[in-house]
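Some structures are shown below for you to check.
Heads up, the next two complexes both have chain A, just with different partners, chain B and then chain C.
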Partner chain A sequence: MFVNVAWHSLLNRKYSVLLALISVAISTFVLLGVEHIRHEAKESFSNTVSGVDLIVGARTGPLNLLLYSVFRMGNATNNIAWESYRELAADAKVAWTIPISLGDSHRGYRVMGTTQDYFAHFRFGQNTPLTFAEGRPSAQLFDVVIGAEVARKLDYRLHDHIILAHGLGQASFSLHDDKPFQIVGILRATGTPVDQALYVSLQGMEAIHLNWKDGVKIPGRQMAAHALEADKLTPKSITAFMVGLKSKMATFHVQRQINHYQREPLLAILPGIALTELWQMMSVMENTLRLISILVLFSSLLGLSTMLLSSIRERQREIAVMRAIGASPLFIFLVIQTEALLISLSGIIIAICALAAGILFTQALLAENYGVFISHFSMNSQILGILGIIIASTLVLALIPSLSAYRMSLHQGLAARS
Partner chain B sequence: MYPDSPENATLTVPEAKLDAVKINNLYFFYPGKARTAVLVIPEWRIARGARVFLKGPSGSGKSTLLNLLAGILVANKGNIEILGQNLGALSSRARDRFRAAHIGMVFQQFNLIHYLSVLDNIRLAAHFGKKDMVDLTVTAKQLFDALGLDNMLITKKAGELSVGQQQRVAIARALINSPELLIVDEPTSALDSDTRDAFMKILLEISQKQGNTLIFVSHDTALTHHFNHIVNLAEINQAGAVEYVC
Partner chain C sequence: MVNRQLLTGLLLLLLGGSSHAFSAAAASQGAHVHGEATLNVVLEGNTLYIEFDSPAINLIGFEHAPNNEEQAAAFSNAKQMLASAERLFDFSTTTCLLENAEIEAPYMKNHEPADHQNHHEAQQEHADFHASYIFQCEQAKDLTAISIKFFALFPGIQAIKAYWIFQGKQGAASLTADADNHMLTVN
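Moving on to the complex of A and B:
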């Protein structure tokens, strides 16, 4: 019965109720939106690399190593000698390795020198291997495989010829224009930094630098591209390498072994742990966003209470009438609580619908323009927990008007003076 | 029909049950600095089925007395028995339920919840009265006929009715649970004289038909001829006569 009374009472004050409803809906939308994006960001973050047991680079900070080897941000401070790499890769406990050689770029996208092993062993997400949308892994010296975003943004097709630039940066002036590469494969989109890079063989990487010294072209030392033979192009060094072990049990042992490597100072990190550390660094930002959205929600619920509280004054007569026909103060208390709950529930429903629809419509846009993949909005236990907290806070804050109505119904007599 | 009429006297009803209202040594003051008694009523009885006209100047404690009779306020001392039930012995929840089931109330104005339909107003009263109303609409329509109200009004919002219609709907609302006691507080003061006479006629007819005890509060002495008991609150209330201070 009090639901019926509360419902009609709200309809009777549609404008102020509508405003309170919109305010609750917007703040719930913001809170749930922030939560969803945070969840998605964390998910995609921890999905960038999987199935790799160790990442090895020259000795530096773990985060730096993670950033340049996986996220392709920042630079390596030093390289690893090819001999060291071969020796460590030959260890009996090591199942496979993926060498990584960085330093060149193509129109702002980084070029990574690697081997076939990259396409065979690298995993992202939930142990998902890389697959080709078109073409195949690079086989020839001047073959290049490109990430999905590179292909889309630069509008590259299979068999296009491209020129790599020396060093990083959008507009490099030193181009390897004497040795064009041919696109032989385009990777399927992954939603990870894999999409934003170009992949050549280590030999190809070596070949384009043959007539270079200290990052500068040596004039007059042109070499015919066809004169190069792949087997003679052993690199002198690589930037980093990823390691897959035969047994996970050996991870810490191998890590220690690499960290104590005698020939040169190396660092081996566990990608999972390093990713967690990196995420924790971002948690300040994450918590700030969360705090702001909680405060926004709190103020809108407070606004809802204020709206109800000011309505109580106008409802003296109505309360007197209800009392006269036998309503207990509890009934009047429940009517006000129900009103708050109805507004808050409707606000939540509107917010969820708007968020689900908003994500549905912006998904393609975000993926296309920013390479950000956001999954559909779904009700997980965390979202349900947040909704529970919103409803509980509504009921607590609605105590202000409903207790006021309760007290009024106790002390005010039957005939409210008009 | 009155308790003192011959046919009633033969019934073996305890004497207390014959009274619709029985007040003994009532003493009431509002909590506050003054602590001066508002009502002091040594004894007052209203027989069942009586039609009482209660008059008194404003500020004489009429509203306080009605609140006490309805069980919204509780006496500081003394007993109020309504229909044989001592209100002071009931919990506040039970008093609310007792009021809903046994007392019908009509006020000067604003008797209805304006945003509910007429039917919902009546339904709400029936809900609190815990009357098992399968045919609530039928009962409401019978009351509407008796009150000279158009049945079409039942689905309208109470706020859309004229004041005269609202007052008559208020009677229907007050009578839906067939209360033994009907308390009416200056119901005609918002009405013009023609409407007032029609209203009085209907009110008296219908309460006579239902056999309720009627307490009619007004300062309009022109209406006294409709009643068989005229009580001046100033005469039964001794609060002004003696300075009762707690």
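Moving on to the complex of A and C:
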């Protein structure tokens, strides 16, 4: 009954109601958006690497090593000697290792030199192994395996030939065009940075740089691709390597052993711990963002209640008429509360629709530019909790206008006051 | 049963080997923050392995070889407390029995009054205590929090950086001397 009355009363003042509605919708959008992106960015990061006990690279900060070797973000770290890698990988406590060599690119996507072990041992999400949508791991020198996103965006098929560029950049002028690679495998989509890279063997990586000197191609020093196989292709250095241990018990011990490695300054990090430390550092910023969005929401709800309060003045006669035809003061109170609730609920619905649509459109952009994978907006208990708080605070703040209307309906009669 | 003994034996071997390499290299390593200790916790299967690492000053109040009765007493007291693992950790949700504890204290080699130069050197150098414990837990899956009681026993420790690996999952926590922050929770 009072829903009907409230609805028509809102329709009667549609412009000011519309403005209040927009302000509630925007503030809810901001609050939910911040929460969702915060949550998803965390998920995206922690899903990227799983089952790796240690990541080893040149001595730098733990975060830098993690970001560069796994997410390909941040500053490039120094390389480490191949001999050091071989020696540490041969340790009895080590079950497997995945060497990583970064530096080249293909049309804006990173090229990673690695071994077959990458496809065998790398895990993402909840310990999910990499699988092939088509093809197989690279076996030959000039074989390349590409991530799902690379295949989709560049429209590559199995057995296509591609040319890698030296260094980074979409339009690199120094191309390894003397040695094309053949696509032998396309990975299934993972929703992690794995999708956005191309994978060649370490030997292939070495081979394309064989007749280069000081980062430039030397003209006239062409070497037939088939003659390369015989050549010495052992890499001199790699960027980093991931370690899986036979027993987790030894993790801290091996970490220390690597950090104290005599021949070269190395750094071993535990990826899960480095990530936790990243979140701890980010928590100040997260809390600031959350505080700002809560304040925005509070001010818009306050605006809503101000709008209703000022409408009470215009509605003195309306309230008096309602009283005259038998409405109790409680009825008046409930009508105002319902009006606030209607605005706030429609604001929430608009915000959720806008957020879902917004995420749908920005997903690809975020993934391509930042390697952050945001999944579709979905309701979870935390979001429901936030919505509950929004509605509860609406009702509390709407007490100001509705109590004022209640009091007015108790004291005033039909006659206009002045 | 045989398997477990084998595993423990292997672990001891590994840790025994480690302590040596560690003490040799510790001098070359940088991290040494007064007031702060580190704790490494690994749970695999039902075996819980805990490593504790702290600058000597947190535990005994000075960082040189003990030169009088009082300091010698503080020194041996700290070693004793580190050895009594049941007073350091509390596993409220399950029962974990200590299988082995190893304490490594500094200044053990030159315990006798050293000549002046040696003494001078020792004063300049930072020194650390290391302790490692192996527990066997009854219901390891129930173990979600460990109460860390170092703060009450060693007032010199203001913060503990705890790193944990529980059944393959890694994480970190900062524990402080505040009364409500003694729990290392893992999930």
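Note that the second predicted complex is superposed on the first by the 278 of 418 C-alpha atoms of A that agree within 3 Å, B and C clash if a C-alpha of one lies under 4 Å from a C-alpha of the other, contacts with A are read in each partner's own complex, and residues count from 1 in each chain.
The criterion applied here is as follows: a residue touches a chain if its C-beta (ideal position, glycine included) is under 8 Å from a C-beta of that chain, and two chains touch if they have at least 3 such contacts.
Here the structure is a predicted model, which means the values were calculated and not measured.
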Worksheet item: Is A:Pro271 in contact with chain B, with chain C, with both, or with neither (first, second, both, neither)?
Response: second
Worksheet item: Looking at the overlay, does A:Asn12 come into contact with chain B only (first), chain C only (second), both, or neither?
Response: first
Worksheet entry | Partner chain in contact with A:Gln280 - chain B first, chain C second, else both or neither | second
Worksheet entry | Touching partner for A:His260 - first (chain B), second (chain C), both, neither | second
Worksheet item: Which partner does A:Lys248 reach: the first (chain B), the second (chain C), both, or neither?
Response: second
Fill in: More chain A residues in contact - chain B or chain C
B
Worksheet item: Should A:Arg110 be classified as contacting the first partner (chain B), the second (chain C), both, or neither?
Response: neither
Worksheet item: For A:Gly326, is the partner it touches chain B (first), chain C (second), both, or none of the two (neither)?
Response: first
Discussion item. With both complexes superposed on chain A, which partner does A:Lys179 reach: first (chain B), second (chain C), both or neither?
Written reply: neither
Worksheet item: Which residues, counting only chain A, touch chain C once they are in their complex?
Response: 51, 93, 247-253, 256-257, 259-260, 270-273, 276-277, 280
Worksheet entry | chain A-facing residues of chain B, complex | 63-64, 66-67, 70, 72-73, 92-93, 96-97, 99-101, 105, 107-116, 120, 124-125, 127-129, 173, 185
Response to the item:
So, in the complex, the side of chain C touching chain A is made of residues 11, 14-15, 18, 21-22, 25, 28-29, 40, 42, 44, 47, 49, 51, 163, 165, 168-174
Response to the item:
Within their complex, chain A touches chain B through residues 1, 4-5, 8-9, 11-12, 317-318, 320-331, 413-416, 418
